[in-house]
Amino acid sequence: MKHRFQPTHYYNTLGGHEPVDHIRDGDTLITTTVDARGYDAAGNQVAQRGNPQTGPFYVEGAAPGDTLAVQIERITPSREHGWNSTVAAAHVVDPGYVKELPEGILADWCVDVGRGVATLVEPVTKIGVFSVPIKPMLGCFGVAPKGGQALGTGTSAENGGNMDYRGFCVGATAYFPVFAEGALFYLGDGHAQQGDGEILGSSIEISMDVQVTLRVLKGKQINWPRGEDAEWIFACGNARPLDQALQHATTEMLRWLQEDYGLDARGAHILLGHTVRYDIGNVFDPAYTVVCKVPKSVLPR
Amino acid sequence: MKHRFQPTHYYNTLGGHEPVDHIRDGDTLITTTVDARGYDAAGNQVAQRGNPQTGPFYVEGAAPGDTLAVQIERITPSREHGWNSTVAAAHVVDPGYVKELPEGILADWCVDVGRGVATLVEPVTKIGVFSVPIKPMLGCFGVAPKGGQALGTGTSAENGGNMDYRGFCVGATAYFPVFAEGALFYLGDGHAQQGDGEILGSSIEISMDVQVTLRVLKGKQINWPRGEDAEWIFACGNARPLDQALQHATTEMLRWLQEDYGLDARGAHILLGHTVRYDIGNVFDPAYTVVCKVPKSVLPR
Amino acid sequence: MKHRFQPTHYYNTLGGHEPVDHIRDGDTLITTTVDARGYDAAGNQVAQRGNPQTGPFYVEGAAPGDTLAVQIERITPSREHGWNSTVAAAHVVDPGYVKELPEGILADWCVDVGRGVATLVEPVTKIGVFSVPIKPMLGCFGVAPKGGQALGTGTSAENGGNMDYRGFCVGATAYFPVFAEGALFYLGDGHAQQGDGEILGSSIEISMDVQVTLRVLKGKQINWPRGEDAEWIFACGNARPLDQALQHATTEMLRWLQEDYGLDARGAHILLGHTVRYDIGNVFDPAYTVVCKVPKSVLPR
Amino acid sequence: MKHRFQPTHYYNTLGGHEPVDHIRDGDTLITTTVDARGYDAAGNQVAQRGNPQTGPFYVEGAAPGDTLAVQIERITPSREHGWNSTVAAAHVVDPGYVKELPEGILADWCVDVGRGVATLVEPVTKIGVFSVPIKPMLGCFGVAPKGGQALGTGTSAENGGNMDYRGFCVGATAYFPVFAEGALFYLGDGHAQQGDGEILGSSIEISMDVQVTLRVLKGKQINWPRGEDAEWIFACGNARPLDQALQHATTEMLRWLQEDYGLDARGAHILLGHTVRYDIGNVFDPAYTVVCKVPKSVLPR
């Protein structure tokens, strides 16, 4: 069933709020998100900056120990104007190179959904006219965190959050471990496009029209956000430093291969070792995101 | 000019040795490498384990401050038998998961160069028959390191070494900063195939027939190994932890974009931020390797 | 004025709760804390495990941008029985050594406040009779975090929390940046004694009688918890990995030396470089704590 | 027997050189070192900058698998003039704070060995007259590294090297694992005084008169440099990041407690957990040094 929701207020933490609406297991949620600074489709600031979230949505039947599946069916920029910062974060370059970073300004982008292209407006740089194909994604989404915490929308954890992973786009399904009754699903921080690592600290930030279908996988327990698309299954580790994020993602994938694909430990290790691809979701946020991927083509049937 | 060299002994450090041969700038070197444990094409152990290297080759005209370009034209397994370890390294999984790792054994692979496939032999695992397409690469190669050091072939640094990056395959050109007269080029540690990160600690290890063309870029100074192939330019950072390796790679790419592609700082940052892909070369060796890539299609002409 | 408070319930996050009581600026709070698993002075479990906190206390006049000073006047074990875990965390030893770690059991300690000694009960180890001098401290205390977050009592951040630093004992004054109206002060997780790093994951965990005097430093803005005792001033950095925690602590100290001690930048760097001592508060919790200390004897008057 | 050696040349790697002299097991070596930039007692530059080393000394009887004990009996500045850099390294402060670091200049120190004090000369800073007590130490010393490597004197590894730990002063005995015949002992980089971490990148750098007694512990195998003084035993871990250095040091200490002090695993963990102190030797060099210390007073007899 389709379930439309028009947000009137937004939150800057995951956790700590009463649900704004209830969704039935299997329902499709159609809603909107504002950009990372709280500007909506009309260009008005309606929420506080820092990845304000639509939600939380209480998903009927979801309980701690379950998994919430979020099938991403639509993420479409709802206006033409996007923006982003223009300088790599000081912590992604050599410490001795920080003094050579240019001054940080915001750049404007014109996002043409029809043509599928974003173009830098008045770049004031020798780069000249610069366009990139858009591939809209959700930078920050997830469920209420464990232990009754309320975590800022700048960071991520076992419950998802600000993972800024470009793989969370249309065609992907995300899986979140449920830590609270009703899961309490939040979403926001849409990007029209993003490189690996979100190294500029923002991407092409824009408001979105979003459609997702939510399903509860009863009794299915996972430890970290997972996902899949037509080609890959993937597990996300969210932590600092990258080494630890990678450990979480790799461990989660090893578990997955053994639990769901009938592999023994040695088989899982061999399969992973020879086919794994790692993506760096973000290397900007307080918790970094490393994604451990395995192509579906090599998975046992 | 083609230059054939048949090694009679091998070294387990980069640096610290007299050259085994001299090569002219622009010459093509045709030689062989033994596998990571020192076994040659005939299956005989002829060198000490630990990525024994063919070389070093003195490249005429190369001097500190130059760059050595290594165009990879051929890396072909020179026998059918490959081997690899079968368990992910303890440091790539959660510390609390280490006790669940299976026992480490070596697995044998049958490498069929004609069909382009490697098949696991007697897997003793539920994975059953398991084949992967081969994509031969050089795990460890580079030049003498800076400061008169001699660095073990298990690690990597500014001079290259054991980067275990699957992008160093046929069709790629590697660039190394020269720190010693003649550059002193070493190569070895061929892999028939490898996943990201070399998380098992070895890949499909095998002896190789190799052909590379060596060119000296006089007065071209770089800080870290670089490379390019048909689709990408890429810079390697070699360090622990991953965060630092990524800093080196990102900084090197920002320099590259400004020095060779006519971009100002802001343009380089914008271009990189929106198009960068990071690969994890290895997350196993003493120094990890992170690769910062930019598609050639977005580079200014 | 002395202000006695007997807790009836406890919280497992910092942030997210209404105050249990109001305290005037300058008042002395006399209260009790339960141990890390929620056991009180009588040995009854009255709270949920995971460093349950007494509080929060609303301190009159404290507002975002201020600093809360917490002078620690008394931390006395309120019973004889302490406990702790007995095995170093998997992440503080070499990954390859994890399989050699013994099984984790809890050990009991007899804490003799009069003699100032804790003695291991029935050690079941060759260590035999083993006693250590006690030096009671607060493992987890602080104020509500920024951005309306509610952070679990297992971790720490700019607002304090589970820093597990043995320097937070009687005679020390802690300083916390205020992020919420009333500061909302929490305290708990008393340790009778602790080594550096809390590497076992717990120390001698015990319930406490606590007395602290709370003062609001209006308009005094700090970024990280600070402290001082008779001999040192110190700044805490809470983050992973240790490198980042050390960066936060060092930066905070450099600021402190310039803002409050009249030093120019170069003078602050020279003084710090030659006299700094670093303590590792904890290397166990989700965020580690590194403490940057300067002896009061070298500070400009 | 006393063995005097006056160096005529110096090396900038550990490993890769023929011994300059042979020493008998148990002999006392009396020699001199130049400062980190190669200046000797007379103020003349006689060696290349970067911690040039006196040695290597071949110690009779030392073979791989043994341990070399180096009892430090004298480290005395051999001139009055010391120098050091004045700005904390970019990587020990927050990345966002790097742009606020002052310009790096060298400062001169007047080192008064008789009074035991070093005084900053012409400070050009508000710090005014600034003196610190001297405590001379060896910043870089050790033996040839494993695998026939030659490692630069800027870094450290299992064989010691540039650990920059202030605990290596008179009264301490250092222990190094032997990796080459004769151990090949090097020493240099004397500091008149140093804070934790050598965060300025240099300390009060000065030439030294040194006396050490060298003993071979046949068949005693260790993994990392160890040391002891009147009060402590300590183990050094040399690696990046700090987390890994700490893992090495902690693991080495756990082994030590079990191998030499008759403790079972659980006893070693309990003793360590409650009494450990960690020192940060350096957080500046390519490999950081973390020291894991246990007071001798708690060791089983």
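Each chain gets a letter, A, B, C and D, in the order it is written, and its residues are counted from 1.
One rule holds for everything that comes next: a residue touches a chain if its C-beta (ideal position, glycine included) is under 8 Å from a C-beta of that chain, and two chains touch if they have at least 3 such contacts.
Keep in mind it's a predicted model, so treat the numbers as computed, not measured.
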{"item": "Farthest chain (mean CA position) relative to chain C", "value": "B"}
{"item": "Classification of the chain C:chain D interface as same or different, half of numbers criterion", "value": "same"}
{"item": "Comparison of A-B and A-C (more C-beta pairs in contact)", "value": "A-B"}
{"item": "Chain A and chain D: spacing of chain centres that average the CA atoms, whole Å", "value": "47"}
{"item": "CA centroid of chain A to CA centroid of chain B, Å", "value": "33"}
{"item": "Two or more partner chains touched - positions in chain A", "value": "91, 95, 241, 243"}
{"item": "Residue numbers on chain A that touch chain C, as the complex places them", "value": "12-13, 15-16, 50, 146-152, 154, 239-241, 243-244"}
{"item": "Footprint of chain A on chain D - complex, ascending", "value": "89-91, 95-96, 98-99, 241"}
{"item": "Chain A to chain B touching residues, read off their complex", "value": "84, 86-88, 91-95, 97, 100-102, 105, 107, 120, 123-128, 130, 132, 193-197, 199-200, 203-204, 241-243, 246-248, 250-251, 254, 262-280, 283, 298, 300"}
